[in-house]
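The following pair of complexes shares a single chain, subunit A, combined with subunit B in the former and subunit C in the latter.
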Partner chain A sequence: MNLANLKRNYYGYLFLAPFVIAFLIFGLYPIYNTVALSFTDTTIMSKTSHFVGFKNFERLFADDIFMTAVKNTWLIWILNFIPQLGIAMLLSIWFTNSRLNIKGVGIWRTIFYLPNLLVPAAVAALFFSLFSYYGPVNQFVVRAGFIPEALQFLQDATIVRVLVVFIQWWMWFGQTIIILMAGMTSIPIPLYEAAMVDGATSSQMFNRITLPLLKPILIYVFVTSLVGGMQMFDIPYLLTDGRGSPRSSILTNNILMYLKFSSSKGHIGAASSVGVLIFVMTSLCALAIFYFLRDRDQQSQ
Partner chain B sequence: MKRLSYILSVLVALSMLLAACGTPAVNEAPAAATDAPAMTEVPAATDAPASTEKTVLNVWSFTNEINTMTVAFEGKHPDVDVKYTLIPMTNGEYQTKLKAALGTADAPDVIALEAAFVKEYVESDDILADISDLIPAAEAAKTYPSVLGVGTNNGVLKALSYQATPGALFYRRSLAKEYFGTDDPAEIQALLADLDKFTAAAEVIKEKSGGNTYMVGSSGDFQNPFFSNRAQPWIVDETLVVDPMVEKYIETAKLFRDNGYEAQASQWGEGWFAGMNDSLVDAEGAPKQVFSYFLPTWGLPYVLAPNAKSADGAHDTSGDWGVITGPLPYQWGGTWMGAVQGTPNLELAKEFITFATIDEENLTNWATGVYTNEFLKAIDPSIPDDQKQAAGDFVSSQVVVEKITASFDDSDLSKFLGGQNSYGGFAAAAPSVNSELMTGSDDAIQRALNDPIAQYLNGEGTIDDLWATWKDALRVEFPDLTIN
Partner chain C sequence: MFNNYKLNTYVMRALIYLILAILVIITITPIWLLIVNATRSTVQIQQGIAIIPSTHALENYNILLGRGLNLIQGFTNSLFLAVASTLVTVYFSMLTAYGLVVYHFKGRVAFNNFIVVLVMIPTQLSIIGFYQYMSKLGLTDNYAALILPLIANASAVFFGRQYFESMVMYDLIDAARIDGASELGIFHKIMMPLAVPGAVTMGIFAFVSSWNNFFTPFIMISSKEKYTLPMLVQTLRGDVYRTEYGSIYLGLAFTVVPIIIIYAIFSRYIVSGIALGAVKE
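Right, the complex of A and B next:
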């Protein structure tokens, strides 16, 4: 590129500049700083800190709790993502299907999306009250005769985990519907018409037309959900005591990071090491998704 | 046109750069951050109201009670504008927010510190300012030695409290009459004088009520009485110490749970409060009662009295309470105040702390219910309608306590307790309070114990599982601690 070209592209660089500058300061620098901190024993309660090499990371792997957090995060994300994608896909197909011609699609979509507008704190408080020992769910199930006496729902590891999975699903499947529907309605209708003329069945049309053309959207849904899932924090934090109780069953990566940060001395160095590992793990998985869902046709062309 | 867009884009880029540079400059004076946007000429107007002539003092706390003090302080100092920020600490949010703000331009001038974590701040050399020059005034007010002791590290005073917080046991007089034939505090104290008697009494109550009256509302009620009676702090020489009293606590909680002496509510949860106004119903709709609550001095005006009437007004237990020392003498909580190091308003901060924790007039007003909503509204009409200080908080100055104790003989507070003057009882207990067990790590260590205990009480796992999960949790938060 010579100087004349540079001048011609001047405006392009100019318009890019705000983003690049903002990214360098708010995106790249914090990442760099987190990595730098993760090799130190920095705490909030003291102004001095030392370089400790990989000690923070060694500790993470020596403590079982880190692997527990990673397992919990993956389990909760996968258990919520599969039904989320499945149900969103099914509803999107129904909503966009011209044969079914469902009425009031906009209203349905709005209703499904509504939970996403609630503040996570309010949702967590709602479920906390519903399932507390003296709460309405206990009153209902006991009076209806389903169980003989009230249960400590929020002290049961499995029930609490299921609750988190449900809340995450309930809050996010509406969002996925909107994205999937946008993708599906952008697929040219003549393709389906041609397929129908050729006598294709609904499932054939879905497998051969909808899915392949939806791939870029699916990658987007996958990756954003993965990033969100790996950083899951608010609902599990607020539903119980903010420590991933009961039995660390909803202790996610970010709660662990937060615990290290909010411990008595405020171990920012140790918390950063958790952040670095989440970053590495999420990046690798996102790259893997891109790789496995890449457009294979393009390479053969 | 092209020229215009060029200028515009340069302006946008420039303003972003300026705004961006302003924010991360954490250690600069707050002025630097607010100046940056002003250069882009956008929010210049918003700068104006802040620069009125009043000096601004930023105070952070975790309840709304200190706001009453700040309003009263503004009444005495019309040239000062106290900005009060409330951050709840249910799950430790306040502590986290505070840690994130300290050392930055957003750091407040004065911070409130709860007993569970005050030591951590007092022990650090880098957070709280030295306020030792307040010692003579505090000594003149005869501030209880334990209150001073908590706020002092290596002879340097860093925090002071307006409260002293000996604990007590509050019980329902009507239920006491029903099950023990008397509601006289001295006789009930004799019946509940130690743990064995307390447990035996719990059995009596259960039998006579057919299991409908519980001795205590939650297992968490036992926590402070037992923790206060440990022989050693949690951490000695960077090693975790599990005092026999901690084991005794878990044993007792388990005994109460298994025998149905405890309502299984969670402390600070709906059911726990419902027990205070006798509106507790179990899942089947059967009414249940809670006989007693372990609460300290502040528990009376802040917890028990406000919750003695149910929301629908159908239940009211006011006047049906009695107070005794209970099976274990203890102390629980308290709020200290410290000035943040590096604050540009150190002198004003000290003045505020003196006013809040030593000033005889303020403490008297505070404890005797002078700070009503009307009183505060006259100073600052913008305060919420429920902002007030009910009478009865037990203050840290012995001089004030001695002067006002008699005034409670016939007060509303005494009527709430069936005529008993609780202030006198607390005044007798306060000088013997021992705060030497407190360390900066108590909060985190005790929080980590809650879930393992809940699991154990529910019958999930053995006592060894309890210790193991607890110690695992501690390793996460205390990387330097030796845990055997």
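Right, the complex of A and C next:
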């Protein structure tokens, strides 16, 4: 590399400057501010605030509602992620299988992805309307004779939870199909041909070729879904009354943070501590996923 | 034995098409019911389910307007915000991504890793601190607080970087340099026009994510005339509209249908764009 090239590379800093400046102002400082606030008793109304150490965090751990929120968020995420990954994996295998030769793969995928683009707030409100007492679902099941009279779906803790899980699944399985398929089609075909010549069964090929080579994609799907799932807000917030009713069954981390923020005094110190804790929890799990999936890969080599 | 094998494939294929058809019904039904009910009167909706649209959309719209919910204004607000967010995201993210791919400056690798870490950081970690800080600056209830942070949009930069890396362009850049073009000039006049497909994909995602965003505007915006469509959806859940089923569906359809139209036009860009973010070339 000559001197002119070396000098020219300083232009990199110029191109990055707007990003870095905007990040410092709108990204880094707010993060610092949130962490700092989480150690204070600041409210929106108060002029003064005091450093209270870990008191906000201690209070959260002592409070049942925080544990409920954490449990709910995890439960809803896991219950939606397993069928999401399972169904997406199955469909991706079918779509990429040349022997089955499924027609119209592009069209199927395009339809399945559609819910992912819809405004989540509107989707939640839509399901609220569909499952309300006088809504179409009740009309349908009563008239078809499945049940004798209309049900209060949205007042049943289990049904509401299942609904949130279903909506999340409905919105995300199409995206997972597209990502998994991109991963599968990037695996070189000669690998499968060689395996077939050696007499491998299709399940052997899946376990020994597809799955190991798909690992980076799986990590990506896993981690992005986790980070998104831990931030779930719009759907559970708008499906019922915005407080996770009935019986706090869909009260998620983010709803709890919002409730603290929007409480009559506006406890932004306490709200910040919820945000910080969710971040710590999410990062630890993301790192664990990276660690475990990587480690096994190295052993097999 | 060969016949048996062939038969199995036929049965399997039929089964798969059946499952796909069921999944399509599950995917489409809620959306179709939404659109149909938006055009039906409350009385019709109470009478039962229909799968053919009716003629009461305007009536439903006027009921909402009569109760102080202005869908057109919400639409205009959402559109303004989404267009501004798209322009800011695309220009600055392409600029950053280009700089990261083309110039081999010190700290480039570290910066690349840093971008990936930023993509993973959840909104919750910054939103409360952001709100308090913006209220000190007097920027709450101001769209600037929703648009300016997008100058540093990590996931868009990540996407742009993947895109530029897949483009062969060094010869072109060198040729332009010999012709005396400036570095910024090369980016603006040569690379950006060539990168239009990538910019369009990035732009669609930026547009949709701004259009769909509920949480951040919900925290930052307080005056009613600045409400975006997802925020109006939240007011639709209020008691005032409790029995106006047709109008509620219309309000929801108003927020959802523009996205469906965009998807109908750009679905190829969108579907290929999702994979570009995940699969390394």
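Convention: the second predicted complex is superposed on the first by the 266 of 301 C-alpha atoms of A that agree within 3 Å, B and C clash if a C-alpha of one lies under 4 Å from a C-alpha of the other, contacts with A are read in each partner's own complex, and residues count from 1 in each chain.
One rule holds in what follows: a residue touches a chain if its C-beta (ideal position, glycine included) is under 8 Å from a C-beta of that chain, and two chains touch if they have at least 3 such contacts.
All figures in this text were calculated on a predicted structure; none of them were measured in a lab.
Participant: When the two structures are laid over each other on subunit A, do subunit B and subunit C clash or fit?
Facilitator: In the arrangement built by aligning on subunit A, the partners subunit C and subunit B clash.
Participant: By the touch definition at the top of the document, which applies to A:Ala22: first (subunit B), second (subunit C), both, or neither?
Facilitator: Both: A:Ala22 reaches subunit B and subunit C.
Participant: Taking the superposition on A as described, I'd like to know which of subunit B and subunit C A:Leu14 touches: first, second, both or neither.
Facilitator: So A:Leu14 meets both subunit B and subunit C here.
Participant: Look at A:Cys285 in the shared chain and tell me whether it touches subunit B only, subunit C only, both, or neither; answer first, second, both or neither.
Facilitator: So A:Cys285 meets neither subunit B nor subunit C here.
Participant: One more residue to check, A:Ile31. First (subunit B), second (subunit C), both or neither?
Facilitator: So A:Ile31 only meets subunit C here.
Participant: Between subunit C and subunit B, which one touches more residues of subunit A when both complexes sit on the common chain A?
Facilitator: It is C that touches the greater number of subunit A residues.
Participant: Contacts for A:Arg143 in the overlay, against subunit B (first) and subunit C (second): which applies, first, second, both or neither?
Facilitator: Once the two structures are laid over each other on A, A:Arg143 reaches both partners.
Participant: Just subunit B (first), just subunit C (second), both, or neither: which does A:Leu79 touch?
Facilitator: A:Leu79 contacts neither subunit B nor subunit C.
Participant: If you stack the two complexes on chain A, which partner ends up touching A:Met45: first (subunit B), second (subunit C), both, or neither?
Facilitator: first
Participant: Per the contact definition in the header, classify A:Val276: touching subunit B only (first), subunit C only (second), both, or neither.
Facilitator: Second partner only, subunit C.
Participant: After lining up the shared chain so the two structures overlap, which partner does A:Ser129 touch, if you call subunit B first and subunit C second: first, second, both or neither?
Facilitator: Touch partners of A:Ser129: subunit B and subunit C.
Participant: Find the residues of subunit A that appear in the contact set with subunit B and again in the contact set with subunit C.
Facilitator: After superposing on chain A, subunit A residues 11, 14-15, 18, 21-22, 26, 29, 44, 129, 134, 139, 143, 238, 258, 261 contact both subunit B and subunit C.
Participant: Help me check something: in the complex, which residues belonging to subunit A touch subunit C?
Facilitator: Listed in rising order, the residues of subunit A that touch subunit C are 1, 8-16, 18-23, 26-27, 29-37, 42, 44, 91, 94, 99-102, 106, 108-115, 117-123, 125-130, 134, 136, 139-140, 143, 170, 174-175, 178-179, 181-183, 186, 216-217, 220-221, 223, 227, 230-231, 233-234, 238, 253-254, 257-258, 261, 268, 271-272, 274-276, 278-279, 282-283, 286.
Participant: With touch defined as at the start, can you tell me which subunit B residues reach subunit A in the complex?
Facilitator: Within the complex, subunit B touches subunit A at residues 6, 9-10, 12-13, 16-17, 20, 24, 91-92, 95-96, 99, 102-103, 117, 120-121, 124-127, 264-266, 269-271, 274, 280-285, 440-441, 443-444, 447-448, 450-451, 454-455, 458, 460, 469, 472-473, 475-479.
Participant: What residues on subunit C touch subunit A, complex-wise?
Facilitator: Going through subunit C, the ones touching subunit A are 9, 12-13, 16-17, 20, 23-24, 26-28, 30-31, 33-34, 37, 45-46, 48-49, 92-93, 95-96, 98-100, 102-105, 108, 111, 118, 120-133, 148-149, 151-152, 157, 183-184, 187, 208, 211-212, 214-215, 219, 229-231, 233-234, 236-237, 245, 248-249, 252, 255-256, 259-260, 262-263, 267, 270-271, 274-275, 278-280.
Participant: Considering only the defined contacts, which subunit A positions touch subunit B in the complex?
Facilitator: Residue positions touching the partner: 11, 14-15, 17-18, 21-22, 25-26, 29, 44-47, 59, 63-65, 129, 132-135, 138-139, 141-143, 149-150, 152, 155-156, 237-238, 240-243, 245-248, 256, 258-267, 270.
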